[in-house]
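Lettered A, B, C, D, E and F in written order, each chain numbered from 1.
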Amino acid sequence: MRADGRRPEALRLLEIEPDFLEQPHGSALISCGKTRVLCTASIDEGVPRWLHGSGRGWLTAEYSLLPASTGQRTQREASTGKQKGRTVEIQRLIGRALRPVTDLGALGERTLWVDCDVLQADGGTRCAAISGAYVAARRALDRFGLGRTLTDSVGAVSAGIVAGEALLDLDYLEDSAAEVDINVVMAGDGRLIEVQATAERAPLTRAQLDELLDLTAHGIEEIERAQAAAVEAVRA
Amino acid sequence: MRADGRRPEALRLLEIEPDFLEQPHGSALISCGKTRVLCTASIDEGVPRWLHGSGRGWLTAEYSLLPASTGQRTQREASTGKQKGRTVEIQRLIGRALRPVTDLGALGERTLWVDCDVLQADGGTRCAAISGAYVAARRALDRFGLGRTLTDSVGAVSAGIVAGEALLDLDYLEDSAAEVDINVVMAGDGRLIEVQATAERAPLTRAQLDELLDLTAHGIEEIERAQAAAVEAVRA
Amino acid sequence: MRADGRRPEALRLLEIEPDFLEQPHGSALISCGKTRVLCTASIDEGVPRWLHGSGRGWLTAEYSLLPASTGQRTQREASTGKQKGRTVEIQRLIGRALRPVTDLGALGERTLWVDCDVLQADGGTRCAAISGAYVAARRALDRFGLGRTLTDSVGAVSAGIVAGEALLDLDYLEDSAAEVDINVVMAGDGRLIEVQATAERAPLTRAQLDELLDLTAHGIEEIERAQAAAVEAVRA
Amino acid sequence: MRADGRRPEALRLLEIEPDFLEQPHGSALISCGKTRVLCTASIDEGVPRWLHGSGRGWLTAEYSLLPASTGQRTQREASTGKQKGRTVEIQRLIGRALRPVTDLGALGERTLWVDCDVLQADGGTRCAAISGAYVAARRALDRFGLGRTLTDSVGAVSAGIVAGEALLDLDYLEDSAAEVDINVVMAGDGRLIEVQATAERAPLTRAQLDELLDLTAHGIEEIERAQAAAVEAVRA
Amino acid sequence: MRADGRRPEALRLLEIEPDFLEQPHGSALISCGKTRVLCTASIDEGVPRWLHGSGRGWLTAEYSLLPASTGQRTQREASTGKQKGRTVEIQRLIGRALRPVTDLGALGERTLWVDCDVLQADGGTRCAAISGAYVAARRALDRFGLGRTLTDSVGAVSAGIVAGEALLDLDYLEDSAAEVDINVVMAGDGRLIEVQATAERAPLTRAQLDELLDLTAHGIEEIERAQAAAVEAVRA
Amino acid sequence: MRADGRRPEALRLLEIEPDFLEQPHGSALISCGKTRVLCTASIDEGVPRWLHGSGRGWLTAEYSLLPASTGQRTQREASTGKQKGRTVEIQRLIGRALRPVTDLGALGERTLWVDCDVLQADGGTRCAAISGAYVAARRALDRFGLGRTLTDSVGAVSAGIVAGEALLDLDYLEDSAAEVDINVVMAGDGRLIEVQATAERAPLTRAQLDELLDLTAHGIEEIERAQAAAVEAVRA
């Protein structure tokens, strides 16, 4: 049994509050246990220079930890003047997660900005960000009548091997103790968008990789049902 | 009558949600109409080098607009690598607002970090940040048994002259149209901590300044009642 | 009696040397006691992008302390790669001080750059910068036949409460000891452009604020006479 | 058949020139087809502050593209003042690739710097960098009598699905056309250190992932034989 | 005859005002024609880390153009966040010019900061900066009873070939038209500290180089007489 | 006799490997003893804004030390975010060295980028960079049919006075011990492009300067023969 009483294959308590804000084109506050990420989506007219006249749009994502999100305060990147390597890596991942389900031709010459700001961090922030970002983007595009830009939904979750056991949706303490961790991004049709498996302490076997892939596939199905319900609720 | 039906001397709908997050030492989500600011307070052991061995603490404040808070998305400062002049000016103001009611000797050799992140901006964000920061700081210090560090409460509000009429607590559209605007920070005992009056379009007379000072004094009394109620609610 | 023998309501020795340099369009070296600020004004053809085609000009101000101006050498901001918060705050203030008396339509699509470089700092540098900047700007605009761009003169001075007494035009030692300080910017017609009152050590009462406002109003009248004399001298 | 006549499961021509330079503690020039990466390893006494007194060492990696390595010249990051997201992501990957086979206790309080500078880029630079970095690190550690710090060898290779076919060790043109690409880092014992599968154009199935994993496993075995031969040659 | 009526081998009107400021440890305002440079010298206790405990001091120089010094306003480097290559090159030259006549052992573990801020630029600013810096440094060291730190005086001047003729001490227009230019730094004993000859438009012969070296030697002798007179005047 | 057995007037072993890489337009790996510099030349269509429509091209040079080139690892400038003063100074020198033999009109509206990356540093890197850059530029321009852009060849070498003796082509240990050092850039016709003589420890006499100029003239003649041979070899 895990510290919070979860079974190995169970997600943390998942809540998605769509339209958490009124001014951004789309927004969602996603909570995965104590991890809380505010995701917004903004649609700007215009695209970067190299797409001028192409008829195609662009999608870009940014990620940030609020300084106090981590309990022990983290320095504000705007104040140090530099995004940390981890930040850069995560925001590139969020962009790659959404692009394969985004029809940039349907978007037209517009830029879809996705911002994921972590209000509270307790492990799994990059996956929560991706799952929330999909809802925010969906809401923004729906409002602009550009709903068909998103060709499928996207969800993400982490898993890891902790003390020899495969666990789904690690919280911070589990993540710190994991020998291996994996982040998986999956489309609504069950196909994989990104797999990142990392040997934190020791290399892993193909069999372990397979077990973790199975575990996350089930988790993401559940996340995608919650996403659909959230979108449905505010559309109604 | 104002666009939202308020009388000239009325505040916007004010809500303060203390302990909005669980991990930061103190937190409050303050809403002034559509303006929403997440304020957190973090207490770190240690002080900047020039205070080593002094037995005294330090207080520092940071402020940020989330990119999508402004509707029309603003560039993320962590990404441009530089805080804007407006940001720097506001975070210095927040620090100055809290220091006169902070007994740095009672804090001991600790640093109190105050972070004000604007989730949604509709005018008056610097004043909302100060009013919320007081509640977050109060909560963090109470938790650490350092409550006597704060010797009084602090509230802030803006006012301005719009089309010749003095109005309290401007929203974004009013602020954009104001000839003159003022931001006032006041301690719980009614004394002034900071007055910043700015001629946006034309200079102002002493009589106009006096009228705006009266208006804000009443507004801040009301804000300080809401702060006290919020703190009381979670202490209970 | 003050350290330099001044009465509480007396300015320091004030000297304004207009046209201190030959190459900038306008320049003035202002000395307020030991504080000496070199102010220049430059008129560039062209405006920032958002004003293209508007027929209106732009005014922007920059401020800097030369490294050795402070006695104990200060790091050069060009070398650290970052302007300090205090610098940013002051240069924004200088810009706001001049804009309400600047008719940007009369300027046409030009940018008026105001640079204030502190050669020696002994308190009151931001106010000296504003008072000197007016003279430099006036000289530059006169030379270009754009004199009507400035609709009035502008002067500024500080005051503060030191050991319970209200004093005008603080030098560095007085400023360091002040409980409260105020910077006031006033137009030639006696109306207020900016009031910044700050409780350095303890909050202040409305009565104290009023006393400081009175003190500075008299001081600025005297400064504006010196500005007029300086401009007259070189015009002749 | 591929443009250069290779079979789908064939590596490009692989050459590893150990001790390419005389001054760095360890070095290797690795060529994978036209991709050429100069890898060096430097051992510094001392560790970052948080490891002082721990008896443990630290390993850190940096990566760079020389400006002309890409044919069409790329801006030099030292000159723009900012490492690109791609650079940051790759150098973090190189560090993660080597750490699971590095016994930081055996290293003692030393820092092992690994630098991978791409002299010529034709796809697969991050994998070539990892494979070459192992040889450079091995050489530097051997010279310092710290050989047991590396507990195993590490190799890496890419693969992808191009026009529906799984291909090993993509060159630049193949990489640009790939629907899916994968980078795999494997230890000498055949276990996985990092798997990064990315849907560049469309999501992938588990079956496709499995096929790519098989392909890379064979490729890395061959790379590890070349690494061993290179190390052996200069040791003799 | 030159535009200002000078003979080819004549310096511009040279004025050195020592002790131009009261607060810096040493200062001098040097004017070479319209070029005016404010030089200050500051003595700080302490040295960079690598000299701790060595008993030796350090000398470092910084240089800057005030934005309006150039007539056509130049961007402020503190504002762009980056010193230009030209600035870096010049401040390194100033440091090299003074170090060969500085006995760092006699200075003790102190840092001598030399700041050269160009108030008005009309050619020859680097040479004027060096000549003025010597006077400022001499004044600062004398005040601290460290006069023997400077073992000789230093002066500098430029020359160039313009329309085939060798001219001393070029102003901006002459400098812009020069085929070749040279900057020479010479100690009081007539030996050379630095020679920088640059072919601006075409390579130069050894004979031309010799002619320029002769011309500058005479110029620097005259500059060194003016330096001595300036130092004498304020010492008296 | 020098440590490596050379006579005072002898160059180190000089090797120039033209076309070291296949993708850059031009490249050369130059070795002067243990100093090894990879030089590349890239021709981009287009020029900086101020040359648009002028019919003339632009040449710009960049220089870098690879971190491990110095044995004791140097920080990577891309990672510190700032080029060091020494780097800036050297790359400006490389540009000035090539421009007097470059006919920018013959180049047309193109930019010639010269990159010099030091793989291994053992003294004289800036001179090696210039000598190698000429070969790389020559190769790139020949390939584009723009060979007449280079009107002459350029070579460079250092010399210095070590323990009272004039030595050619200093290695790192000699350079560290030199009282005086000089870098000379010479065109193929024997005329001087740049002379930089620096008193590292003590000023130098005109006679010493003359001796060093003679020594370098002979050295550069030899370098220029090696350049010609290298270019000839690959042209054939």
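Simple rule for what comes next: a residue touches a chain if its C-beta (ideal position, glycine included) is under 8 Å from a C-beta of that chain, and two chains touch if they have at least 3 such contacts.
Fair warning: this is a prediction, and the values are worked out from it, not measured in the lab.
K.L.:
Which chains contact both chain A and chain B?
P.N.:
none
K.L.:
Treat touching chains as neighbours: how many steps, at the fewest, connect chain C to chain D?
P.N.:
3
K.L.:
Mind checking chain C against chain E and telling me if their interface is mostly the same residue numbers on each side, over half, or mostly different?
P.N.:
Mostly the same residues.
K.L.:
Could you work out the angle of the rotation that brings the CA atoms of chain E onto the matching CA atoms of chain F, rounded to the nearest 5 degrees?
P.N.:
C-alpha superposition angle, chain E on chain F: 180 degrees.
K.L.:
Which pair, D-F or A-D, has more C-beta contacts?
P.N.:
Contact tally favours D-F.
K.L.:
Suppose each chain is reduced to the average of its Cα coordinates; what separation in Å results between chain B and chain E?
P.N.:
Roughly 50 Å, centre to centre.
K.L.:
Which integer distance in Å separates the CA centroid of chain A from that of chain E?
P.N.:
So the centroids are 58 Å from each other.
K.L.:
By residue number and range, which residues of chain F touch two or more other chains?
P.N.:
Residues 81-82 of chain F each touch two or more of the other chains.
K.L.:
For the protein chains shown, what form does their contact graph take: line, ring, star, complete or other?
P.N.:
Topology of the interface graph: a ring, with each chain touching two neighbours.
K.L.:
Enumerate the ring members one after another: first chain C, then chain E, then the rest in ring order.
P.N.:
Around the ring, beginning at chain C and stepping to chain E, we get C, E, F, D, A, B.
K.L.:
Residues of chain F touching chain E in their complex?
P.N.:
Counting only chain F, the residues touching chain E are 85-86, 88-89, 91-92, 96, 100, 186-187, 189, 191-206, 209, 213.
K.L.:
For chain A, which residues are in contact with chain B within the complex?
P.N.:
For this pair, the touching residues of chain A are 21-25, 27, 34, 36, 38, 40-42, 44, 62, 64, 66-73, 76-79, 81-83, 87, 113, 115, 117, 119-122.
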